């Protein structure tokens, strides 16, 4: 290319990319004083929560009875500061027109929500202890609950879910979604924070699991990799937009096991104590104690060199 | 182990690992002056592209009309420098025998390709705006297009795909593949940069999606997690090597929806407006407007304590 | 909230989280002098191993014949130091009651195991060279073995597996699991380090693949994304705990291909040269040379606007 | 030491260090919502200012006429955000009792001061250009003004001084002091931000230079390493505290040169065009055009092996 | 240079640098299991100590009465771990021949010394509070004690000195020296950790101050930049090596002020309440209440264009 | 300030700062393809050189005879790559008009210079070993040569000087200056890389030492903190610019000791075996074996409460 051609061509693209028509449908405007949520800080927050909930595994907490209070104290106070700001950022994500007083009220609200969330931590720890127990008992390859807490992606994903769910119940927008996407990216397990899940919940391996927003899962449920609890097609309103907030995902009752790659769609009910075999496509309810398997495969002959 | 035994044993292994026969089939030789592509820098490049395409969401760009030009200007110029070097690295990946003049021509070529790619950015932004719209309209759980751009892994994966596809069309080797593997690792969505995909494309949840190199996807297509658009077995040449460049992946026409875990293999055609149910294994074409479901499952009785 | 209310409420939660009853089932006690395994350091170790095994691709090793020995030397010695400490951390993970002499013996043992592992590196390199060859020959989209080594997630996952497997065979606890989970998180491929896998093994795309602890895989096997080699329900002991160490995963013989999303469960045998089609649920053995496909789908009519 | 003795002894110290009497005279209380000034961020700010003032030397600014505006734009906007927050932190350093409205007013004030400071940047650049010229002309070892800007510690120290002085004149507390201490630590040159210094000012080598708060320095002045412009003893008020704000440092008129290690104390005047020799102790005014030298040394005999 | 010449020439240098004769007088051998002291970690330790001693200024400690104990607790425990390891590294610096039992005893000793040092922290805090008070009262430019603690290099240097002195008194080798050199590098103030210094000590500006190993300084002493308390020539033993441990630096009694650049050498005594003027060379004792000034300068005429 | 006033005012400043008249005297233009020297990389280079020269002290080199060659090999090769690029950057600092061929020749020249410098490393190591010996023998407080190498700022400064001097002798511009300024900033010792200094050179404490460009220092010389070997006023050419390259700094012969704060200016000669006392101002030559002291101070009376 000729000398001085490249600055001109770059300049032309820059001009085009800077025209308002070019960017207006994909740009985000916000107050300069209003923070954006930060994935990096939310990552720190989740690490801090894991350190608080499971003392001695993550970070550098001592677990001596004499000193554990120091670490819980510092970590909880640090959590309060960091989370309060992220919740505030979440509350402001769509408030580009907010006035000063409105921002102030959101700041107060963020502090109150943060405190309420922190007050739920003992309860979240109790629930996660049941999930750890279920994972340990459900996996012959597990050596100890310590290994489960330290290594298992399912515990990581369920921890993020229980945190995100508690935040969503307190009315926090956006932040729960980011927290669940963090687990999704790390583990391949995608649990919507709005889903309701009982105690002693466990997921084995987990990659590809999807649990939709209005799913309800009982106690002592175990699911394997690739399982979907999803929606069938959903109704549209008069403008062709999907109608929000309709219950459209399955209800899975207590003690159900769902094997790998099963796809269960719609507001159906999987009765208690049932087993759903792998690779099943299920769109109707099944009664308690059912055993559901894929139609048997075809043995389509022996290899003749052609492949499939 | 006896004192001084360990240095000797280490030394022996080092000698063995340094013999040419040991490493020659798995080592990469290149000019000392010729850079290797860098995943870290390509990560920066993709972040920069997201900042350019979606102003205000990522990085620290202002979106005030008075100043957006500054940020687009700096980011585009920075992109030009970084990308030019990575494209050059890609063009040199297999040129260990290149002479000085040849290297120089590759450098010129890298600059020209980089400019052409940057000139495509407004078009890439327009396409991605349609994908964002499709994701928002297709998910009752989405609160706003802002949430979709900021959080949805599908948008991240499709952005990487559209970038990688544009680079591959300009003749860049290796780099497009690395960019698509980055999205694959983060989202579990594996779209080959050579695939051709229309506007208003959306993927829900996405973990496990595979879209092969010669796939062709129309407009307004939606696919769910775990869907494969793959190849059946492929012909070998007389040496037993696979023959490259044969069309071997499906064609999916406009307005098709494919549910979770469906596996669609071979150069078949899925007619427009069709629905493919989850967990289906499909290796033959289907006409437009078809509804394809897995053979109904077996209810193999009620639980008797034996499991499956 | 009233002034001074928030410190009091935080203090109350901190007290509750610091009570021994609250944390005892989910906390980990260890000697202050005994290190915890570190994911960050294990990540460095795996990067170092990749640099040693595949010279010239990763890190900054020269591959000139005159100087490759310097780089192998420094990298192997650095590996020895880092790995020895992590293996020691693994050996101490559950030894909170160990006395000084016991710790010392574990330290010696860690050094000996590390040396033995390093002595296996030439063999691991030879095996991985066959895997690279298989991936290259098995993918028409691959341009060169260099691209395969540099970009393919399957090679990354199989490298971690072969490392983890060697460590586990030498009696290292916990560390192999962490190494395989690192690959699981990056690639979606979950291979238990205890599985036994022959040479020329390849995985295409890979997201969602699960290979269980007692699986045995022959030579020249190829599997696609979403394939599970898993266990059916497993026997419990008199306390309701799963019985450890029972062979419960499939045996896959030489030259088998398994297509996407197939779920193969239990101690069954897939005979040599067989093909298992995608989305199949298989819980019984099949003889050599079999071709197994899902029961054909239903064409449940044409679209009438209702979706599924 | 006996087992369990160390936790107890640590606990005792912690208790003592946490008693209010122990820490109250050396602790700093501030609002949780009120930021502390950050040395790290101020370091970024000074780097950013150097990049703005001297385009092309520091950071990654392009200096092509077509694009310099992008870089100045982004850097100035980034400066505005960072500096506004640090000035606010400076204004709040001592406001632990401030109410919400007071904080708000300080925030507004910080924004206004930041803007006024930025509006002074062209003038600061003009002044620094004269300092660069003086350093180049005054040092036979200097190869170019480029070398002076890029390498000379004096330019670094004078840049920090001119920034800090402008901030102090706008009424910013604390921050100017931190900025001048940063240069002090890096270069050994300690210029109080309150000093008034003319154009074409230069310092050679510089380590140990001290220029006190009420010093006044004319134009075209050059000083060498180790020179002090300091105060003699100062008057105390009735409580024994030093009286603040009294002029107590020297006035140095135009075209003066002061050689290494000279110590000049008190509100004296060094007349224009004078030379002060090295190691002089000067506490009285000297008229213009003076040449002042240390009393000649003693030649105390020849070496006899005893040293001094 | 000809192709392949450079690898050969590099190889030759590498060989020469690797011959034992080449490196043996400047190399350090140590056990692979014995850590080297780390400047980076010692920097962290000093930062931690500053955070413990001056709560609320550095790091992120809360200073609310309800929670200060958490922060002191965590910081003191973290200090214990880090410092114990560095002291152990110091104790092992010259122990390349130590056996296992000897190393073990040094480890025990390091733990005991660390505890004793920590038990001195309340006393160190009390002393530093007097130094802060003296700096504030002695500088009319100081706005508050808060500014003194936060910004003054003298407080930074004296803090490092008081820490290093306490460690040296407990018998720690090497580490005190490194800590005092850290302050030397940052502030230009070089206080030997063996010097003995009373309370209410202050240094103004400070660059170039040197206080030798056997100096004794009383209470309420103030010194300015460039002051040396040094040694004259020192006696050699029969091998020509300096005799260690002889008192060779000055004694400075209470309430003395020493102005900039004064050089005071030898085991002399500066009597209480004396003032030493700047740039004085003093090698004999002076009685209490003395005022010592440099011989008056020469006014060597007026400028004639020749300079000096 | 009124809403929308701040963007306008910022925009005005940005425009002013972007006008060519505003920045042209203080901006640096260079090829986009031509790197700027990097302080960060030069810092790495100096660290690498210290690791090569003093094995076992810095970095992570093993010093076992079996493996030291690996570390020297890798470090020397890494040095070659990094230094070659920095030397090239130095050679291009002022070549904004260079054409492609000219750049290529500079690149070749940089490679050749780098090799020649590396070939001097054994000699530099030998010289530094004499400096270490001198520092150890000259300081009664030094415990071992190990402590001297590990901690003494003088060794750090002299190492940088000997490196910078060798580079300057090979014709490298700018880089030597940056390397000596790095030591200046860390230690307060400012040795011009052009100075010529013999073996067994030592500096005690060192802050404020200045050694000018044309100084010549013999063997076994020792100088203390604050000593200047500087220039008197220097002749100007007809344009009023200083004439470059004139010998204008002192010659210090063998075995001289110069005490703290002495200022020695001009092309004078300090005869062998002389002692120069502290705070002396010396601008004329002294014969060998001289003892030079400051004129004795005045005892100006006893304290009367007035200070000085």
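Some points to look at:
Just so it is clear, A, B, C, D, E and F label the chains in written order, and each chain counts residues from 1 on its own.
Simple rule for what comes next: a residue touches a chain if its C-beta (ideal position, glycine included) is under 8 Å from a C-beta of that chain, and two chains touch if they have at least 3 such contacts.
Bear in mind the structure is a predicted one, so any value in this text is a computation, not a measurement.
Common partners of chain C and chain D, by the touch rule above, are A, B, E, F.
The chains in contact with chain C as well as with chain F are B, E.
Judged by shared residue numbers over all numbers used at their interface, chain A and chain B contact each other through mostly different positions, with under half in common.
Set against the Cα centre of chain D, the chain with the most distant centre is C. Averaged Cα coordinates give chain B a centre that lies 51 Å from the centre of chain F. Centre-to-centre separation between chain B and chain C, using Cα means, comes to 23 Å.
Within chain E, contacts with two or more other chains are made by residues 10, 14, 32, 62, 67, 69-70, 72-73, 77, 188, 207-208, 226, 233, 257, 259, 261, 265, 277, 279-280, 293-296, 307-308. If you check each pair of chains against the touch rule, the ones that pass are A-B, A-C, A-D, A-E, B-C, B-D, B-F, C-E, C-F, D-E, D-F, E-F.
Across the complex, chain A is touched by residues 7-8, 10-11, 14, 32, 64, 66-67, 70, 81, 100 of chain D. Residues 60, 62, 67, 69-74, 77-78 of chain F touch chain C in their complex.
The part of chain E that touches chain F in the complex is made up of residues 1, 6, 9-10, 12-18, 20, 22-23, 25-30, 32, 36-37, 93-94, 173-174, 177-178, 181, 184-185, 188, 190, 192, 194, 207-208, 210, 212-213, 226, 228, 230-231, 233-234, 240-246, 248, 257, 259, 261-263, 265, 273-275, 277, 279-282, 286, 289-296, 306-308. The residues of chain A lying in touch with chain C in their complex are 52-57, 62-63, 65, 68-69, 72-73, 76-77, 80, 108, 111-112, 115, 118-119, 121-122, 125, 128-129, 132, 137-141, 143-147, 149-153, 186-188, 205, 207-208, 224-226, 232-233, 257, 259-261, 265, 277-280, 283, 293-303, 307-308.
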